[in-house]
Amino acid sequence: MSSSCFCKHSEETPLSVLSPELQEQFSDPNHPANLICELCRLFYDNNWVTGTGGGISIRDVDGANPNLVYIAPSGVQKERIQPWEMFLVELPEEKILRTPNDIPKELTKSYKYKPSACTPLFMSCYTMRDAGACIHTHSQHAVMVTLFLEGKKEFEISHIEQIKALPKLALNENTGKIEKIGSMEYYDKLVIPIIENTPHEEDLTDSLQEAIKNYPGTSAVLVRRHGIYVWGETVWKAKVYNEAIDYLLELAVKMQQSGIPTVKQ
Amino acid sequence: MSSSCFCKHSEETPLSVLSPELQEQFSDPNHPANLICELCRLFYDNNWVTGTGGGISIRDVDGANPNLVYIAPSGVQKERIQPWEMFLVELPEEKILRTPNDIPKELTKSYKYKPSACTPLFMSCYTMRDAGACIHTHSQHAVMVTLFLEGKKEFEISHIEQIKALPKLALNENTGKIEKIGSMEYYDKLVIPIIENTPHEEDLTDSLQEAIKNYPGTSAVLVRRHGIYVWGETVWKAKVYNEAIDYLLELAVKMQQSGIPTVKQ
Amino acid sequence: MSSSCFCKHSEETPLSVLSPELQEQFSDPNHPANLICELCRLFYDNNWVTGTGGGISIRDVDGANPNLVYIAPSGVQKERIQPWEMFLVELPEEKILRTPNDIPKELTKSYKYKPSACTPLFMSCYTMRDAGACIHTHSQHAVMVTLFLEGKKEFEISHIEQIKALPKLALNENTGKIEKIGSMEYYDKLVIPIIENTPHEEDLTDSLQEAIKNYPGTSAVLVRRHGIYVWGETVWKAKVYNEAIDYLLELAVKMQQSGIPTVKQ
Amino acid sequence: MSSSCFCKHSEETPLSVLSPELQEQFSDPNHPANLICELCRLFYDNNWVTGTGGGISIRDVDGANPNLVYIAPSGVQKERIQPWEMFLVELPEEKILRTPNDIPKELTKSYKYKPSACTPLFMSCYTMRDAGACIHTHSQHAVMVTLFLEGKKEFEISHIEQIKALPKLALNENTGKIEKIGSMEYYDKLVIPIIENTPHEEDLTDSLQEAIKNYPGTSAVLVRRHGIYVWGETVWKAKVYNEAIDYLLELAVKMQQSGIPTVKQ
């Protein structure tokens, strides 16, 4: 509806200052660095990452080296990040292979980037759950649910169709790993642990890891007065799980406001 | 508002791997396969099919063979489906003519598609009502209304102008079919039956068919704690009916929250 | 965020079937027929005209003949109307100069158009107030306010900054016409009359005209359980007034729900 | 989702009537005049500046002359302003260097522009806080919070993660200026002063300046029954602060409606 602008956007970014290898990567819309940009724009429109909040990390599970992890930088406007602004880390040593601070200044304007404060939390999802991607939002539905449940350690909901979009997880005795064995059923009770917020985001790591260990069936952890962490086998699974969980949290807030219990008796 | 990307989206899909016939079909924006994609993107923006929920099916009522039915696949991100991902079925035997699993792997990346679990419900609308399209959403307004009406079998609303967007249906004694005889009036009471949810979506078929039979005037069936099914004579009629009903459900939730009865005394 | 489509949209409409005069008109983005299309798309995104509800009419106040009035057709999807689908009427006799039924069938697919049922109401705004455009929406905020005020004849609000976006009107004794003499002040009380809905939209004409006469200061009339009519000196003024009023109605609903009086004591 | 239009938008604006210098400026997407247009479109979509409400001003802190200030005009549709419609003022004398009334009439259609009524308030942020940009919105969350706090002089919230997006400010004893010394902490209490609205926006200047002086830690001032002013070191900082504060105001409204105190005991 709004007026068109007269800016020469297409001329604005001299991609040619990048190496041919990076130029090729960033022209592939399915490259993890581009997917992070695309999803951050979507999450921004959902009010999940406004005010530089939230973040996302993708592990290149389909790439030549599935140990490569892309991480959005900290404290920047998430809807405006560009593919060359990612931190690139290799598991399991979490060796930093590339930072946006290595990128020519024509593109970064000498901004001093820091990796997302969520980095150790993202890493916990990769190492403890073999996740392919991890999403962190400041969704108001998530925050409101934790406020309604002040003093409680779990969010619970059952008998809502959308629950079926979430995976059923179980310990594989042979591999010792938590694996997807199917989808949750309509009558299953979805339980998401709630951990208490800490002044520094990285200090959430211990309690997040403890929640992941104590709740082998969960794909998400709520952080009180803060938001939520959601992960999945691939970036698209993580997106779908996050979407389904946020739908359920939004519904739960409405049910709570109308005095309808979220778990059916 | 968001940054432009540097991806070569237009080069990304090698449509040329498709047969010339399919290439031609998929270049027609009014082809049912493209309309399903377009409407799924719209429904996604309305929070009706997030998290892979919901679906849509179109019967090619204006095409050479009006028995052809296009059905979106199950469990995929609805806002991202492509025209070649549809199942194509011929009525009345529901013979499968094409599945996305027949499409060259360059386009489908070897994903193993299943038809929507809603398929038997869509078929019920086609066979019992001669529908031209059927829409299924997980609209939160629909779910909330069924929660407010826990234990009740019908949603009712009257004396709201938007009701006039819905068709007045009646049995044609000559043909034995339910036919549109006009539009609902402002003072008419809109009644939509509510059926109970089942663990497996296909198990809704019997109760959906019973509701369709018992409510000859309805163009929709609510599913408790799940969502809604809406159909119409054509895809555009189904879209309009679904839009008008969702408007009324949204309004009904607000009226309920403020203690205003949805049926005027 | 959604997938791009492969349709040849740009080839789809053979504009060349239109007369050179119409082709030229419809290539001007500021032509009333195009503005109606543009604003209907905007109103659709605001949930004001979903389900074919609502409408808009523009008088060509800046054109060669300011008696020409463009009116959107009835019962069509408002977000999809095209410039050639308008009815063209000349004041004061309301002589029909062109209907979309005169347009080549390549463009209209032989659809039988009817002028908006709001037509006599739009005409009342033109003849009684010299309006340049008139907007009718089914805004849920408008409907909710009339439900809260069941049995009352007026909506009132005061001491909200947004009121200043609305015009202060007064009778010009010389011309006998209602004219804009400035803007409303912050402490002014905005009063919008509420009329009762009728089964047929055209039957609202008498009570709308009575309200316009009895409320010389108003730029809008609410219709209970239905929506609102808003007009202005030009299409852009009407758009701004409608936007400001809807903002105030939305706020009033929230105030009502929280027990805050809309008129400051 | 909506129909494409047939307008020749790109031909519509004869930029060539502008001086080569202005043409070059307005083709730079990062020029303050273009950023104002871009942000106004974003704010419009957020319901912050509908009905011509609100506004924004940017100081060219990165330009050759950081004393240049760009100000959006008053009373126009914010989502449609163009870069040549800005007022250009030079600090500290607030000398007017250019007004849109100097621009060729082909572009402005002889509209008589006035600078935003917020101008003296924007200037207060520049002179008292060395701001790089100042944003004024009519956010309904801001208005609702001031209504809930009728009779109170401050909005307070604590223990919400999003607070960390806001700057911690302190007086630099050496320079005598308020400067950013870091970010707010999770457990910090955010306090935003509330001033009373006045009939004329410029008359808010004294109480706004008093609030800025009395609250050295604040980056924003709420105006009761009106909206909010937010500023920052740069345009992007101001945008982020405004976004984070609006998120907190939205959350506070929900907390208030559910009886949850906004300051944790």
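Every chain is named by a letter (A, B, C and D) in the order it is written, and numbering of its residues begins at 1.
In this text, contacts are C-beta pairs under 8 Å (C-beta built on N, C-alpha and C of every residue); 3 or more make two chains touch, one makes a residue touch a chain.
Chain by chain, the UniProt names read as follows: A, B, C, D = Methylthioribulose-1-phosphate dehydratase.
The structure displayed is predicted, hence computed values, not measured ones.
Colleague: Using mean Cα positions as chain centres, tell me which chain lies farthest from chain A.
Modeller: The most distant chain relative to chain A turns out to be C.
Colleague: Shared interface numbers for chain C and chain D above half of all numbers used, same, or below, different?
Modeller: Counting shared over all numbers used gives less than one half: different.
Colleague: Which whole number of Å gives the spacing of the CA centres of chain B and chain D?
Modeller: Those two chain centres are 43 Å apart.
Colleague: Give, as an integer number of Å, the spacing between the C-alpha centres of chain B and chain A.
Modeller: Centres of chain A and chain B (C-alpha means) sit 31 Å apart.
Colleague: At which residue positions does chain B touch at least two other chains?
Modeller: Residues 1, 9, 38, 41, 257 of chain B touch two or more partner chains.
Colleague: Over in the complex, which chain C residues touch chain B? Could you list them?
Modeller: Those in contact with chain B are residues 1-9, 12, 47, 50-53, 77, 138, 140, 143-144, 147-148, 150, 197-199, 223, 225-227, 256-257.
Colleague: In the complex, go through chain A and note every residue touching chain B.
Modeller: 9-10, 13, 15, 26-30, 34, 37-38, 41, 44, 79-83, 159-162, 165, 185-187, 236, 239-241, 243-244, 246-247, 250-251, 254-255, 257-258, 260, 264
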